[in-house]
């Protein structure tokens, strides 16, 4: 019951953030110099054509009316029409979002699967060589520019190893359609298509690791700090005094309360993860939102740009909601006491 | 018969590149079924002594330079680690000081007590299933006068009051039917009345179960209420020891006299009132 | 009283770094270790912190003294020598030359200037703004808190890199736009940090005492509370220097950096990718420079964190 | 009878054999996919597959939205037009088997092939042409600007005959007809959601082209496959499948080539990339002269480039040889028309020369002499060679006393700043090639006042005499009149130094040794129509 209240509160909260985000994006988009209708029609259009399109796009209405219209569209999942592709922005984005989602999901998975054990080990051997080397590694991976790492990995794979593919999500022409969940690896698994699953994973490895490096470092460092914090708590000492074995102490008594911090950090810095995902997608030609986003940005395809930013923001809010739900499950303090 | 005997224990710490000796030849005895107090101000070394006995000192930075700690005639410091592990938390058990921080906030009370019991059983070779453990946990919770043991077992620490949590900590110490109970200033973090209830509960339990109690405290009022024999520590040394009555009546050391003079009188009526309160709030006796 | 540090009043959830017995020690000790000595001891025994500080100092010095110490100061501008293009690292050119024959070392050092300038300007705007808003939200509460903290929540949800790219297509991409846009998003981190600390301090005795004594709000905010935020701010700012430089480099990698011929590390990496892997130094050298500065600030921030004992900052 | 036992029919045996082969192939490719990563395409029996890189996949497959060579390269394979352009620029029949033009060149009638069909098998009819043209003009994007104000109406005379009526004589009209790709009206209207089927056509082709869409488009690529029933027929060893892989960076192109995934490499990569590819040994390189000019467009209305002496000084301060030999491959360019239009280039146009002394003399003669001259050099951000050229020019101009500001803008912003005199930089690096095979494409878009405000005309000439000459050539059906006008135009533009003529673009086409059939077509400047290619190896 308390948990339900907590969930509802977080959900309402997320909606509020989304609403705020839509205002910010709308204001920025309308505040930009340059006439969107003019840009849409190109330099050869006549003044009449521009005026006509302005009317169709509703640009001649008062700003508040325009915003209400925009919000009404948003509520129905309508992000307007892209000037670049001529399709509805939501169709364009839903075609590309799954790829981004898959990449980000893999990244989060790697961040925890690699970062968590590193952080735990570092905390266990605090101030001794394993700790020092893990800290250095984590710091290095947190501060290595994502674009540099992505480029280096691509060169390594493309010229030296020849083992992993350097572009795309599947071999071009593989003819596999991920029509269940949109995630190639998951759909291949569901359909039992092992060849595609293998290919999907092989294509995923490089971009996911390039993107995950920063998060791995962050998760490892935060886990270490919060494990050390927990280590000095009386309840850990109490467990030790009562003869609870170290393995259980570390993996149960310490790790669980220590999990909240890295999860929260990952949620808060998720926006920069999305930004980096753009860089990684461009370098590895990953067919996600990035290439669409960048192209629409360059074309000043306003509806599409607003859509991409809005969907990225919604993605952020969704992930943070999921993290809230998870931390609420892990740590009763979160759901019982609420979080400021 | 002496259950616990500390002989000439010296401990030093190395911090910031400097080594400081914090215990100087500390000796004390806890006979079976006796109630002994170790008293001293913050930094006197009483907590270090306690940690050394329980084997909770982190080495480094701590180092035991010399001395022995006998439990039931065996030296804890030289026995095989497995044997010492088997004793810790079972035969010699401990009541933690801070009810706020000594319970893991993310697990239920039942889960925490159950886990401790599970590994105690394993060390002692006892066979007890999940249901058996749950029953034992409820039993111990009832012993510390919890009205609804099952509900308490299903609660998270933050859902309980300070006094209830402190009683959970006592229950934790009683899980494996210890013979020696070391209590580290139980209840100091609570308000005076609740603390008095806790001390009363502890005293009742110790007497009912014929346990030996080593009470570690800075509070001479607590000493007077809970112990029959006192060791006074100052700057890492035991400076005086005496039966409780005699210590209060005729303290030998100037330091002890200062301590007694400095402590506000914890009068009888307060304790009595508190006990009455305990009877009202904590429910009937087990 | 007014300047009690956070160390003496550990924040909830943050534990003192030292082992528990230490807090019970001082009276048992013949000589008390001075706080300054302890700090220095901790800092100097932390090799990563010392290395970090060294890197930061060297980078700043190099950036300031760039005209004096770089081998080819003129290569900052439009010097072209196509016979010398893509020379590998050698004694004359420690980092090799770029696609128009300029010395990469020279340009990397000048590029660090831009990176550091970016960090200082962005944080120079974001830290005061974030601090003020955080103080206000934490101290006044009520609708002030609601408005400010909700704003930070929204600002956090904006994918900065994406938004900046959009903004840059409208305004000619240049360093100033990038700086302002970064600052416009960065303040939220500092606001959240200061807000958390202020909320803790607000209910503490020394603040309440000052309130009871009728001290002005200004006095309480800036004389009582702010000094207690300084160590946390220092750690956060040092860490952030590294991350601002990283973000700036990512932006200029995407084409939103300084206009040529001004050297900009991210732009140099992007330009060099056309010649990978044969002329790897064109990309890798400036890329590593970004890495090294960011690493330096992070190590330093880590060291400061241990020094001030403010564990909660990441 | 059990196949494989005893002497069964020959057919049966070979089928069995190939069945076995297929199964084995599947297992092998699955295993290899997991372990080694060979291509996954399956059995691929005797399939000829071409793989080439592309910087990006077009945002829309809609042929009415073609705005650059990349869009065109894809559309020309999925769609057919009434006419097509042959190497050398001659017009040839495609969907139309013949056409007639009336005397004053104001009416063109096209007769559609009887056997012409769309990929869904339905016949191509005049109504489809009318629909395609009307839709193009309604959307008002892509090539529509070629026809606005020129074509009055398009009507179906009968099922297979379509007539274009022009509002005035427009000599280059026929050359623009290959830009109108014919859309299957029936399919398009069936999928029209009130948006002229823009949404549907963005990802689904509905044309009469030789290839069908097989996979994509997505951010990582697109695949088309041969339509065996193509009405135009096929050569002996046609290309069965074409795959475009998105490779944003040159380094990606090289790693793709190194792992054997590319059969053909796109144009416009860095010279270093082509050198490295050639070292891999399995490619041939063909350098082809194109009709694309690489220019520095000088803003003739903005100080200091409003002074012809300053413009000439810039031209003299440009190091053509270094640019052509080191920075960007190309041939000499003497004026507005590249050598592909050699027939129209007058004799004796002087070749541009690099001479710093003459440049200094020109500066001295200008009205800006004597003080530092501020000047802005614009180019497209992120293009390495443009930056190199800009830096080279800056270092030379600084020696002449210019104060140089570099202005690198993303392409979309270049388009925008080209809209006004004040925002157009003094010097602008631009590639310009004909969008239809006629010199008119070069002159009208770049130098006519009607084109002012576009990135193609950043010179801001707005010169009535130039306009008159262009109009004269347009409205005359007489080739000699046209040639005379074009000749005079070139001499005037060179004399007023509206541009610095850097070079004529050379295509460095690198492709697999087995691939043949490439010839340069002076339209949208990309080798693209894959019906013309052949695969020579097994």
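As written, the chain order gives the labels A, B, C and D, with residue 1 at the start of each chain.
By definition in this document, a contact is a pair of C-beta atoms (placed from the backbone, for glycine too) under 8 Å apart; a residue touches a chain by one contact, two chains touch by 3 or more.
This structure is a prediction, so every number in the text was calculated from the model and none was measured.
Between chain B and chain D, the least number of touching-chain steps is 2.
More inter-chain C-beta contacts link the pair A-D than the other of A-D and A-B. Each chain gets a centre from its C-alpha atoms; the one nearest the centre of all protein C-alpha atoms is A.
Here the spacing of chain A and chain B, counted between their Cα centres, is 50 Å. Computed centre separation for the pair chain A/chain D is 37 angstrom, with centres defined by C-alpha atoms.
Between the Cα centres of chain A and chain C there is a gap of 23 Å.
In chain C, the residues touching two or more other chains are 19, 169-170, 270, 273, 276-277. Contacts with at least two other chains are made by residues 34, 151, 155, 159, 233, 298, 300 of chain A. Multi-chain contact residues of chain B (touching two or more other chains): none found.
Every residue of chain D that touches chain A in the complex is listed here, in rising order: 29-30, 33-35, 37, 39-41, 49, 51, 56-57, 59-60, 62, 65, 139-141, 145, 148, 195, 198-199, 201-203, 214-216, 218-221, 223, 241, 243-249, 251-252, 254-256, 258-259, 410-412, 415-416, 418-419, 453-455. Interface residues of chain A facing chain C in the complex, by the touch rule stated above, are 16-18, 20-21, 24, 28, 32-34, 132, 135-136, 139-140, 142-148, 151-152, 155, 159, 218, 221-222, 225, 228-229, 232-233, 261, 265, 268, 271-272, 274-276, 278-279, 293-294, 297-298, 300, 305, 308-309, 312-313, 316-317, 320, 340. Residue ranges on chain D touching chain C, taken from their complex, read 249-251, 254, 270, 272-273, 276, 322, 326-327, 381-382, 384, 387-388, 390-392, 394-395, 398, 404-410, 412-413. Listed in rising order, the residues of chain A touching chain B in the complex are 233-245, 248, 252-253, 256-257, 330-333, 336-337. Contact residues of chain C toward chain A in the complex are 13-16, 19-20, 47-48, 150-151, 153-154, 156-163, 165-167, 169-171, 199, 242, 246-247, 249-250, 253-254, 266, 269-270, 273, 276-277, 280, 283-284, 287-288, 290-291, 294-295, 298-299, 302, 311, 314.
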